[in-house]
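In what comes next, subunit A is part of two complexes: it sits with subunit B in the first one and with subunit C in the second one.
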Partner chain A sequence: MKPAMHKPLTLKKQRNWKRLTIHLFPIPALIIYGLFIVYPLFAALTYSFFDWKGIVRGEFVGLDNFKDLFTLQPFSDLFWNAFGHNILYFVLQMIFQNGLAFILAYIIYKKVRGSEFLKIAYFLPRLLSVIVVGFLWKLILNPNYGALNVILEKVGLEDLEKAWLGDPDTALISIILVNCWYGLGFGVLIFLAGFQSIPKELFEAGKLDGAAGFAMIRRIVLPLMVPSIMIMTVLTFIQSFEAFELVYAMQGSQGEPYHSTDTLAVYFYRLAFGGSAGGSTTAVGLGSALAVVLFIFISFFTALYLKYMQKKQVDL
Partner chain B sequence: MKHSIWSKPFYYVFAFLIASVSIYPILLMILSSFKTSSEIFTNPLSLPETFTLDTYKSLLEQVPFMTYFMNSVLVSVVSVALILVTSSLAAFYIARFTFVWNNMIFFFFLMGMMLPIKLGIVPLFILMKDLQLLNSLWSLIFMYVATGIPLSVLILTGFFRTMPRELEEAARIDGAGNLRILWNVVLPLMRPALGTVMIIQFIQSWNDFFFPLIFITDDLKRTIPVGMLSLFGEYSADWGALFAGLTLASLPMIVLFFIASKQFMEGLTQGAIK
Partner chain C sequence: MKKMKAISFVAFLSLILVISACSSSDTGSDGGSEDGTTLTIGSWRTEDKASYEKVIEKFNEEYPDINVEFKPSKNTEYNTILNTALQSGEGPDIIHLRPYTPGIELADAGYLEPLDGLEGLDQYPEETLAASKGTDDKQYGVPLNISTTQMFYNKKIFEEVGLEEPKTWEEFMTLNKTLQDEGYTPISLGTKEGWLLSLAHGIIGPAHYGANEFVDNITAGETEFTSDEFKSSIEALDELKQFFPENYEGLGMEDIRTMFFTGDAAMFPLGSWEIEVLREMNPELELGFFPMPSAVGKEPTITTWVDGSYAINANSENKDAAKKFLQFMTTEEFGTMFTEEFKMISAIPGIESDDELVNSLGKAVEEQSTPYMMLVHFAGGNPSTKATIETELQGMYLGERSPEEVANAVQDSAKSWYEPLK
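Entry: the complex of A and B
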């Protein structure tokens, strides 16, 4: 019978075909990810070697864009100004967001009553869009009608009342603290997961050895918390050097007042999409050079830190 | 004693004090949205005297909020669906087959979690222009899928690897193809991991502000976060409506959170811990 004779053959062919189709599985993800993530970052690198008129590419200029970025005024001053702000962003977030989150996670870990409520409370701000966070706090920090100054007045601290976002001395710090408010809950959850992965016996053993309070934390808890501290540090580092949305929402693309809240990403945005040096002209070449510098900086320190911490973890 | 500062009452009060700082601004936002602007200006901290919905009415008159809302829903839902499909296909391939390049592909995806994609925004802008996707919601969908893939592949691959293979082998002997095995046998067992991915990616695409700021200029194509920009730009004196806008923008996430708070908190931290 004909069909019966053909059947084994077609089935085998079908199997082979099926075996090959498996290689199609990762293709859609690879294409979308490659086209919209990997390609643009490589392209940004090549863009930095060209002269640009708007978004039309001109001639090859070698490293001129990098030279201009660091030697030509006002570009170089703006760069270092923003760079300093990014550093402050990172340091203050490490202290006020991650330091606080560490302590709060420890408290929750120790199972105070209502710890589930605390977790939820700290986490709530993380649900909002960063732009909502920025606008909400802009209203709260408003010098005339904002809630913060009204509260200060009510509790008798009128002297502290300020135009928080209008004063170059307080504007940047206000923004960073708002960012801490937003990110605190995430840090708490990461550290809490870290504490929960420490075997309970270790705490008991530490107690028997007479370690208590801070000694216990330093000698037993901290070394075991290295992985989660590492994660939070790297994430905070990347995030503070990419800081854009909150500054843009609260202080606009110029980093008002007088660039006192400018960050590298906001400066980059101005160079790429207009508003740099007072005009609406774009400087895509300079912007791309800045992007490359920032990219190398972030990758270098992230890699260095991860490597260092890994080594330290092995040593322990 | 040295650790007396850690006595219970002290850290109890401390923890709850910080908790109130976390919650209060959000509470203030919601309460203020029911107050008229003049009431906010004279009595910013008090409870609303009469709950007014006029603020919401004037919000809807000032900006096409329902359009923003529908755009946000469309973008988020389509993005999440595409992330689930593309990532589970890729993760299944990486976790279940041992071709020589599988680890390379995995690493290639993982790299994306560290890449600061915002720095590639100029080439992206030109790319979107060339693809004629500027001012199209598809520009956002593609970006959210692309930025969502690395973490999703990581989570799903990890989950695939913990799952026993016996059921798949059985289905394979029965003659089922890979796609059928993935769809009928594996994915139904993956619900927890798929749920995690869904939640993370939904938050990301719902709340993102950066990409629509760059790619979308047509007011009627805006998603809620960028819609806030036109609200605050043009009507910044009407504080009642501003608070109403902020509240409406955040409400869907807050409601979802209270339905599934555990999954939210586990979901958002999972990627970082692994």
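Entry: the complex of A and C
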């Protein structure tokens, strides 16, 4: 009975082999991850410790780049200016994008007529490329032939007509609202999935206990929606502190007009790559320092927030 | 576990930003082909590929065994691609060099081969050569073309209203008022994009600060940007805003170009590269230009600079062949071909073009040129002085800055890095 003796052994060996080989499969992914994520991260970190003359690395200067970023004019003014814009970006997106998305998702969840259509309609802008979105809204917001001003004029609200993207008071807000329009459908989708995962019985139980209307939302819906709200907040936080594409598509890399649409990522781009036309000088060291600061800031606050919310979720 | 997942997901997302801090790519230069040498040319002019192929054909008539390949990359990415390649000791044999500061930076960093003794270099005027002269006073590039900025105008509108090219600043201002009274937008300029503003200052400024004399003085450190001459050039720009289109603060390049070629606006302060675009957009447009008349009793001026030069990679294995190609680029034969094919003004003096407008621009360049000061001398610093004047002028048009504050900011910026002003 030689084969019978032999068989269990091979099986075991095979299983061991399988167990080993299974660890080999992530290697290609790990190499890509290491090459394109871990390596650049550390490269940026080391770049930020050196003095740069154009593209040539100069001597080691320690934390001087970081010091310059926060103390030397005009860099520090530009930093705080852009930082403030990122905060406004986050706040307005939380209110107009996520707040509206939450309400819309609830309406769709309650199955109003045409909710299927609405779901698709809200998501549609998301299918467009950011560059296309930026281009379209640039046309709509054009002061002299753009649709918005034309409509305002037709309905007799000439006084509200503006050079939306040229006026420092409205330029950034316009861009953020376009971003909200663009991101609304994604929020609706996430929240809708959240609503749908709430067991129906809970609503019935709530009803029996006499909860209705706002109390139902406050006591049953909100606590159970914490995971969706959490993920949307984190994503919005990261997205608004990395805001770049739409600003770049609509206003270019100078944060125009007069730095009123500058965000940290646009400022970073300008420092590290020297503006749009390719003719101006670069500050690789300062740019890398800014990237490092931004990375630390985003990961720190995101981690903090997640920790806080997880505790909250348990409490509720 | 869930927490870990969430955190690592977040970390992943935030890391994405940092990737952009470092990108690598290479424009390789491979060795020779079987029957001779292969040269590669790097450039940002992807739109000129066909024209360059004709140039190469001509070159091959004389040097049939040198194989030349024109490999351009996208304008906005060219610097990054080239810089990364040069840093790793690679890159094309022949490099299309950005003018002034960025190009000179490459020469100073030792990435370029000095062109000592290249025949034909002595025909170029000193200011043309300055676009690619290293701080060691050696020549690193062969100048290719001259760009100009000037006031373009719509001849038909001028005829209709009965106007002529202005000879003095007062005439220019009256002309603006007349056009406005006739219902035209006199000057098609928007302030949404800052680069248009330093360009406009390049055209109108010299009429007030006194053109070349001021440039000589400031580059020698004998005057300052806070001087009355320079301040008056900023004030003039401020004064002209009454002749800009409605809502000018929200108008960008596309908008003002459209206003001009559709005949809504009569004048268009922009660069020579727009000639081809305008003609393509509206073949009926009767395009003219005039040199800016001086407000301080000097000659009218056309604002010029060298737009690009060609240099040799210090790491190239085919330097001799590359020199032959650069030599060819200094010949009259090449210059004539260049003006015809590219519709640009050759940097080689005395080349005629069969295009009337380009030809008269070329003539004006030889007789009345003043440098685009911000680009030629003040593109350095961080942020550059040129970028500073752009932002500050934008601030002025938005009512956040007075002309005096603009001048002060420009002086502060220049003082921070420009040796003669320190």
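Odds and ends about this structure:
The working rule: the second predicted complex is superposed on the first by the 287 of 316 C-alpha atoms of A that agree within 3 Å, B and C clash if a C-alpha of one lies under 4 Å from a C-alpha of the other, contacts with A are read in each partner's own complex, and residues count from 1 in each chain.
Throughout what follows, a contact is a pair of C-beta atoms (placed from the backbone, for glycine too) under 8 Å apart; a residue touches a chain by one contact, two chains touch by 3 or more.
Only a predicted model underlies this, so the values are computations on that prediction, with no experimental measurement involved.
In the superposed model, A:184 makes contact with subunit B only, not with subunit C. By the touch criterion stated above, A:147 is placed in contact with subunit B alone, subunit C being left untouched.
By the touch criterion defined above, A:257 reaches subunit C but does not reach subunit B.
Looking at the shared chain after the overlay, A:167 reaches subunit C, while subunit B stays out of its contact range.
Between subunit B and subunit C, B touches the greater number of residues of subunit A. Judged by the touch definition given at the top, the superposed model places A:63 against neither subunit B nor subunit C.
Within the superposed three-chain model, A:74 lies in touch with subunit C and out of touch with subunit B [touch as defined at top]. After overlaying the two complexes on the shared chain, residue contacts for A:127 are found with subunit B alone; subunit C is out of touch. By the touch criterion stated above, A:119 is placed in contact with subunit B alone, subunit C being left untouched. Applying the stated contact rule after C-alpha superposition, one finds that A:136 touches subunit B and leaves subunit C untouched. Counting contacts by the rule stated earlier, residues 36-37, 39-41, 43-44, 47, 55, 231, 235, 238, 242, 265, 272-273, 287-288, 291-292, 294-295, 298-299, 302 of subunit A appear in both its interface with subunit B and its interface with subunit C. Partner subunit C is touched in their complex by these residues of subunit A: 36-37, 39-41, 43-44, 47, 53-56, 74, 141-144, 162-168, 231, 234-235, 238, 242, 252, 254, 256-259, 265, 269-283, 286-288, 291-292, 294-295, 298-299, 302-303, 306-307, 310. The touching residues of subunit B, counted against subunit A in their complex, run 1-3, 5-6, 8, 11-12, 14-16, 18-23, 25-26, 28-29, 40-41, 44-45, 85-87, 89-90, 92-94, 97, 105, 108-109, 112, 114-127, 129, 142-143, 145-147, 149-150, 153, 177-179, 203, 206-210, 213-214, 224-226, 228-229, 232, 239, 242-243, 246, 249-250, 253-254, 257, 261, 264-265, 268-269, 272-273. Of all residues in subunit C, only 3, 6-7, 10-22, 44, 75-76, 78-80, 83, 86-87, 98, 101-102, 105-106, 109, 190-195, 245-251, 255, 375, 379-384, 386-387, 390-391, 394-395, 398, 400 touch subunit A in the complex they form. Interface residues of subunit A, counted against subunit B in their complex, comprise 18, 21-23, 25-26, 28-30, 32-33, 35-41, 43-44, 47, 55, 100, 104, 107-108, 110, 112, 114, 117-132, 135-137, 139-140, 145-147, 150-151, 154, 181, 184-186, 189-190, 193, 212-215, 228, 231, 235, 238, 241-242, 244-245, 248-249, 265, 268, 272-273, 284, 287-288, 291-292, 294-295, 298-299, 302.
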